[in-house]
Amino acid sequence: MTPSAADLIRVLPETIWCGFGVLLMLLQPFLKNRQGLTLFAMVGAAAGTLATYFGHMGSGFFGLIQFDTYSLFFHWLVGLVAFLVILASDSYLERENLASAEFYALILFATAGMGVLASAQELLTAFIGLEMSSISSYVLAGYRRDAVKSSESAVKYFLLGSFATAFFLYGIALVYGASGSTNLVQIASTDPSSNLLRLGLTLILVGLGFKVAAAPFQVWTPDVYEGAPTPVTALFAAGPKAATFALLLRIFTTIHAATDFWFWAFWILAVATMFVGNLGALVQTNVKRMLAYSSIAHAGYTLVAFTAVTTMKLDPNTGAAPAYAAVLFYLLGYSLVKVGAFTIVSEIGGKGESYQTLDDFAGLGTRQPFAAAAMTLFLLSLLGMPITAGFFGKFYVFKAAINSKLIWLAVLMTINSTIGAYYYLRVIVVMYMREHKGDVPAGAATGLSPTAAMVVVVAALATVYLGLLPNHVLGIVLSQNLILSAR
Amino acid sequence: MVPTSYYLVLSAILFGLGVVAFVFKRNIITIFMAIELMLNAVNLAFVAFSQALGKSDGEVFVLFVIVVAAAEAAVGLGIIILTARNRRSLNVEHVDLLKL
Amino acid sequence: MPILENLWIIPLLPLLGSAINGLFGAKWSKPIVNSVALGSTGISFLCAVEAVREFLGYYETSHKAWVKPFFDWIVAGNFRAGFDLQLDHLTVVMLLVVTGVGFLIHIYSTGYMAHEEGYYRFFSYLNLFMFFMLILVLAANYVLLFVGWEGVGLCSYLLIGFYFLKKSAADAGKKAFIVNRIGDFGFMLGMFLLFRSFGSLDFQTVFEKAATWQPEAMGQFGTITVACILLFVGATGKSAQLPLYVWLPDAMEGPTPVSALIHAATMVTAGVYMVARSHVLFAHAPTAMYIVAIVGCATAFFAATIGLVQSDIKKVLAYSTVSQLGYMFLACGVRAYGAGIFHLMTHAFFKALLFLSAGSVIHAMGGEQDMWNMGGLSKKIKVTYWCMLFGTIAIAGFPPFAAFFSKDSILFSAYIYETNGKALYAVGLLAAILTSFYMFRLVWLTFRGEKRYDEHKVHVHESPLSMTGPLMILAFLSLTGGWFAAPAFWGGKDYFSEFLSPVFGAATEGGGEAAHSLELMLSGVAFAAATVGLVVAIWMYNKKVQRGTSAGVHKLLYNKYYVDELYAAVIVRPLMWLSTNVFWKVVDAGMIDGAVNGVADGAASVGDTLRHAQSGNTRSYAVWVVVGAMVLLGIVFWPILHPALFGGVR
Amino acid sequence: MELSGHLLSILIFFPAIGALALLCLKSEDEYWIRRLTFVVSVAEFLLSLILLRVVAIGAQGYALTEYKSWISSPPINYHLGVDGISMFLVILTTFLTPICVLASWKGVHHRIKEFHVMLLLLEVGIIGVFLALDLFVFFLFWEVMLIPMAFLIGIWGHGRRIYAAVKFFIYTMAGSAFMLVGILWLYNLTGTFDLPAIQLTLQSAAFHLAPRTEMLLFLSFFIAFAIKVPLFPLHTWLPDAHVEAPTAGSIILAGVLLKMGTYGMIRFCLPLFPEASHRAAPYVAVLAIIGIIYGALVALVQPNLKKLVAYSSVSHLGFVVLGIFTFHTISMQGAVYQMLAHGISTGALFFLVGMLYDRRHTFEISEYGGLVKPMPQYAAFFLFVALSSMGLPMLNGFVGEYLILLGTYQVHWGWASWAATGVILSACYLLWAYQRVFFGDVTHDENRGLSDIDAREKWGLVVFAVITLWMGLGSPYFTRRVAAPVDWVIEQTKSKYAEEAVKPAAPSQPAALATTIQQDSPTRTVSR
Amino acid sequence: MSAVLVIFFLLAGLAVFGAVALILQSHPIHSALSLILVMVSLAGLYLLMGAEFVAAVQIIVYGGAVMVLFIFVIMLLNAGVEERTNISKMATFGGVPLAFALGLIIAAGIARSSSQLAPAAAQGTLTSTRELSKLLFSEFVYPFELTSFLILVAILGAIVLAQREN
């Protein structure tokens, strides 16, 4: 019983990410040049992502992982996010005078963890993946060691994250007890009336709900996002969240019992999350924190699509395939936009992240037209305006909800979009329609650094591309047998 | 023979006490201990199920959990040291700069 | 038939004149402006005369009205309103009156307005008015008539507000327009109903179809009755009848030639013209007829009472106009359309004369209009005095002047009208007495008695020939205008009614020897009434008089029954208050915006509350996680805890 | 014509190309920015005039359709088409855009490049809305148009511009979000976003739409449109937006944007949901009538000139909605005509008010008075435009209102009677405002030296005046081209609706008059 | 009651006692010692079930390594008696009862649904360490290898976080 070569190639991306992480640490003493490290890390991120090209579809490692279009999609997603975040961190690390090698290594390890999550077909493997990304994240959150906020962010993330992990793990234990296995495919064949299974799946939902910041498990999100170094926040908002959703969706589509149990749970989580996120964001004056709340709201929108997925089995004719597609498309668009937006916040923040309030954004339209325009594009995408990725994302989510006859959910989402419009618009308004009070402080950034600008351009182009020509990506997310483990 | 449910109920009680401890304790280190307590409860459940099902993979999981717990401990204690350095206090209730 | 084929020339000429003066007149000298304005009106008058001649020839052979469509103006679905002009005998009368009197007043204005600023503007407006008035009388359908109808209202607005620096003038113009709009509201609804009933608004089609309908009974509010009443609402606005007469006295703020042309001779008679034009409809609606008669009669009396005590020379004439218009409606209401139109024509002559004479007086007095500040002018401005006197005799109804015949004819028709005719007659007669009184009062206060002005300040002088010339022509017309009908008085034919008979039919013929003797008797009564008025006026004012203090009935009359105040208090102010304090401040700002902003504020306050859950305390956060776990357990286990409910929850 | 295959796309995207070209200019290059924008917008206008030749009179259905598949799943196609109704609205848009450039020649001083880019992008969005035949594409343009408009208000507006911009944006967003739900629901039912295809599906006998579903769908569209119109009581964004918007913004907003709502009603609400439309019509009509009267009354007491014009739009658009929801060919043609006429006359009014603002930087009526003295030509033009706005015959405002009322009267005399009071009130508020601004003595010394209109303003106004007159006299030019599409819409609205729709709403009439007003044939006598 | 059951209850009682003590002790050192008590009791229970290897790892890694680390850190930071602050009223008054309730619900749920399971160690066979290692290096080799990176991450993280400023 040794894994085949094909299996090894199926995990090549993770291997490459981890390998580059190790190499980064090894090279650190020799490569004093920060840009060199950045480039090396980017190469690693890219290489890992591209390595998916060699993988063969199918399950590997005795059914622990499943390499399918779905996992491919999420590998690309997290790889791309890692690539962009590394690129965006370059100037940040220089400004904040932080060590690069460890930072990049941690990002790569976290990415590897996310990759595991995306392809895991077995709960324990998923758990290990989750922990890899989480533990890296804890460290990354506290990476600005001398900043009180950063360490506080790390503490909160660590304590609450571990707390939630314990729930997740306990859920795994119970599911294992009920079905005698932790493999999703085998769990799927368990008698769905088992209460132990029900209890276990619920606790798993608590753990994963925490990771994706679904209300009322969202409490940690604003604090952690605000305190963490901004590029790390970008990573948090995009990568782990998408990867956790990936796992959740795989559990969903594989274990039909789960969809039965979880329908109302998701309905309520979705509604609560949308409202908490949007209403919370409404009253924020710190842009970074506002975006944190906004990411809660977007988790809520994603959960709407999830709720639509749950009806798949209940009514096979509604066609849940578009609902998966909605989740995938939404997450892609959302992640890229969040990376772009946080990158701009990171750059505007200046040394010590001192300028992140709305007042600091005032008059940005004249001071930094490019940054302001890009930020506007990202905000409009988050808002769901046409010709941006966010519009199609929201459009597909709506469509999934309506296809599943979840009219009320769609209506509530509509209301939330409108609330959301208000606070996104406020940032735009401040940037373009208000003048900066007093002189612009000397420490504030005068323009985006070239690396950050590159990230912003890539994210903006991707946003518009997905908003104008979504066909290609749609072709992927709508492909037959997207999720091989799904029955 | 001890019925498996006894072990499981014990595990649930320990898990519940872990949750209580997490909520109740103020010292970050003891809160972290509460997490360890919860993980121990999980381990107990794994072993009990493993025995009841007559499969050994449950015990393998326990090994993984222990490893993960150790890794978490390393990082967690690092974070705690960092916080203690920054704040000169281990009371979790005083870690409230980020809020609202 | 060059003109008849191209009837549009008649209205277009004044329009061109207006446009030319309006666009370029500012830079031109007065003679050029004059020649454009007078030229266009004069040629238009000549064209009208030629058109009438051609029409009469045409009628000889065809025995029908001349209708000529020019272009489609509004087309939608089965609705078509064309720019169609029509000429028949009724139009002929109106056309000649409008162009003729209009031309005279243009001439007069060159003298009267000689020293005014915006001279070109005045003539531009005046020509524009001619254009619209001609459209009104030439229109072959209600919609085009409405164009003229609204257009003359506009010109009235512009001309009343000519002295726009004076607030009262601007106010008066606005008031005129708005009150007219209220009438137009009725007119429009009337048109809609006609279209709904007959599928067209062309006069010919409507009248032909209406003629096939069975007449409605008295007291019945059938379709035609309702339509007629609605049309009449329009007429009350335009022709200043109760209850919409309020704008006309105020309209005297305009230059006097305007008062003469628009507010006496032509525009205000448009309502009468329209009712007469629609006589086929009215004939089917006796209820509407009766209402017209009552309103006309009441207005005649009501306005006359107010006229008794006014001190402004033009105001007296204004109320007199309202009163005389009442007579015309009375005539229409008692089926004496011919008499009504006849009175319309004579009224155009003598009222224009009176106004222009008054203008001459005002001109002489350097702008003074208060009769209490005049007196004894007869020696200084003789021509004006005699013209004014002629006009007064004419309006008072002394033979052989114009109004004697026309008013007499109306009163006679009222007397023999089957429904309460005698009461209508009685009120009309009373109004005749009052008319005679207030007119002679005016003459006596102005021209006779002692002078009550300071000769050092006011240099009284006779007006130039450009002003007195038209006066004399009009005086002549006032004297002779009634003679068309005179033969009827002596038992012969009423030429005027006969002329109009192709339009109205022979319905107005009294017929019979008994009727004739009755008519003679009634004429005697009317003459007596006029004399009573004359005598009382002379008795009261042929001495040294002073402006009296108002009290009692006098005060009520002097203040015009407080109708303006009443309207202000009952309609205008409540509406303004409602709009400001309820609609705008409460409904808009308070309720709707309040709700909108309230939702926004509510969301913000909920958000604010929610953020307090975000206390920053990790322990609390853990509690939220626990709460979430409990909730999820509750939801997931709900079907097990309540199996009975499962299946129904979805 | 070689172009005609892509004429519609060219019409939509030509201004976008212009905007791109503008971006290449330096921001300081004020001279060329203005001229380039003007040239582009005039060229666009001339291009749009081609439509007049291409769209045949009396032809039903769409001309010049363009169809390209865009997104495979769900099937979203780039489907454009034009008919008599949309043609004129497009031309109105292209006409008003150069006017906007002229209007902001002096009023806009900062960020000139961005301003003109926004203006052109706005044009792109609006024309797209009018030409789109795919619900998705329609929605896309509908939303896209929001952003430049909000920017125009928010950046180049006056005092409370930000409040106004946000209010405008949120109001419209709220409405359109529901429309998106409706569009998707409709897609879910019919499997397509293509308007003609949806219509075919909905009309097929096999297809049954539950009344409740149809009503909800209708409402989801209608509310979005009603906000845009704006229909009472959803109108409160309008006065704020207008008062704070720069002149160009106001012109476009009142001239075209509001028509997007009424256009949407004609194009989507009625043909797609005939039965719901009929059921909703009484309520809609009552709201429209309330809007007419209410808007006029509130306009009457506004101390702010621009707000007054804004409220007058509420009143005028009430007529349009009323005309649409009587399902009568006369009134609906009138409604379409009125959309155009209102675009011209209100556009001109805002143009005029903007000139005043350029000179005195205030909209308060009390700050003016006696202006006819220093600015006689301006006063004359203002009067002319005001008269057209209050519906003086032979000017453009009359025909629309008259046809709407006439048509409405044929169906519901009560509605028409109430609505006709708006005619009185419009005279009241406009004349009163005119009097306070222009007549009397000059009460403020600053006003004594105001300069009269210059050549640029004069020519703009002359163009407006000529069109006003032309529309007023030659209305058949418009109604003939509009008649066929309107009849088609009415036919669609009837198709599945039973005969009882034709029956006038007799029960709503008072008993005394109810017996008298009916008469299908004139020979029937009324007296009995 | 069989002897096994007596041992079970003894160990279970100790474990619960330890857990409660962890909560009630106010000095972190005492809490840590209580936790060690729990862990040792659990190791006993593992033995009782026949999971010797797990029991050994429990003692060595958990009780030995991890808890020593805890105590080391407590000493290093010189953590004193816990301040019983009540800034979060919600946690003290709402959270603790809720947490108890949650524990009870889970316990009740498990008790009701796990009765059909075979008794632990019913087979009476000890799980051989060989079997564990086989599983670990064949079926679970992938997560096993991943854990190595996990530990690497932990080491890296600890270094990053705890290193003094240069």
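We call the chains A, B, C, D and E, going by the order they appear; numbering starts again at 1 in every chain.
Definition applied: contacts are C-beta pairs under 8 Å (C-beta built on N, C-alpha and C of every residue); 3 or more make two chains touch, one makes a residue touch a chain.
All figures in this text were calculated on a predicted structure; none of them were measured in a lab.
Path length between subunit C and subunit D in the touching-chain graph (shortest route): 1.
Identification of common neighbours of subunit D and subunit E yields A, C. When each chain is reduced to the mean of its CA atoms, the one lying nearest the mean of all protein CA atoms is D. Ranked by C-beta contact pairs, the top pair of chains is B-E. Placing every chain at the mean of its C-alpha atoms, the farthest one from subunit E is found to be C. In this assembly, the C-alpha centroid of subunit A lies 44 Å from the C-alpha centroid of subunit D. For the pair subunit A and subunit B, the distance between C-alpha centroids works out to 26 Å. Averaged C-alpha coordinates put the centre of subunit C at 101 Å from the centre of subunit E.
Subunit B and subunit C have Cα centroids lying 95 Å from one another. Annotation for subunit D: residues 170 touch two or more other chains. Touching two or more other chains at once are residues 124, 128, 131, 135, 138-139, 142, 145-146, 154-156, 159, 163, 170, 174, 177, 195, 199, 203, 222-223, 422 of subunit A. Each of residues 8, 11, 15, 18-19, 22-23, 26, 31-32, 48-49, 52-53, 57, 64, 68, 71-72, 75, 78-80, 82, 92-93, 95-99 in subunit B touches at least two other chains.
Interchain contacts give a graph that is no line, ring or star and is not complete, per the touch definition above.
Applying the touch definition to all chain combinations yields A-B, A-C, A-D, A-E, B-C, B-E, C-D, C-E. On the subunit A side of its complex with subunit E, the touching residues are 1-3, 7, 11, 14, 18, 21-22, 25, 60-62, 64-65, 99, 102, 105-106, 109, 112, 116, 124-125, 128-129, 131-132, 135-136, 138-139, 142-143, 145-146, 154, 170, 174, 177, 194-196, 199, 203. The touching residues of subunit C, counted against subunit E in their complex, run 615, 617, 619-620, 622-623, 626-627, 629-630, 633, 637.
In the complex of the two chains, the subunit C residues touching subunit A come out as 600, 603-604, 606-608, 610-611, 613-614, 616, 618, 620-622, 624-625, 627-629, 631-633, 635-638, 640, 649-650. In the complex of the two chains, the subunit C residues touching subunit D come out as 72-79, 143, 146-147, 150-151, 154, 157, 161, 164-167, 170-171, 173-174, 177-178, 181-182, 184-185, 188-189, 191-193, 195-198, 209-210, 212-217, 220-226, 575-576, 578-580, 583-584, 587-588, 591-593, 596, 600. Within the complex formed with subunit B, the subunit A residues making contact are 124, 127-128, 131, 135, 138-139, 142, 145-146, 148-149, 151-156, 158-159, 162-163, 166, 169-170, 172-174, 176-177, 180-182, 222-224, 226-227.
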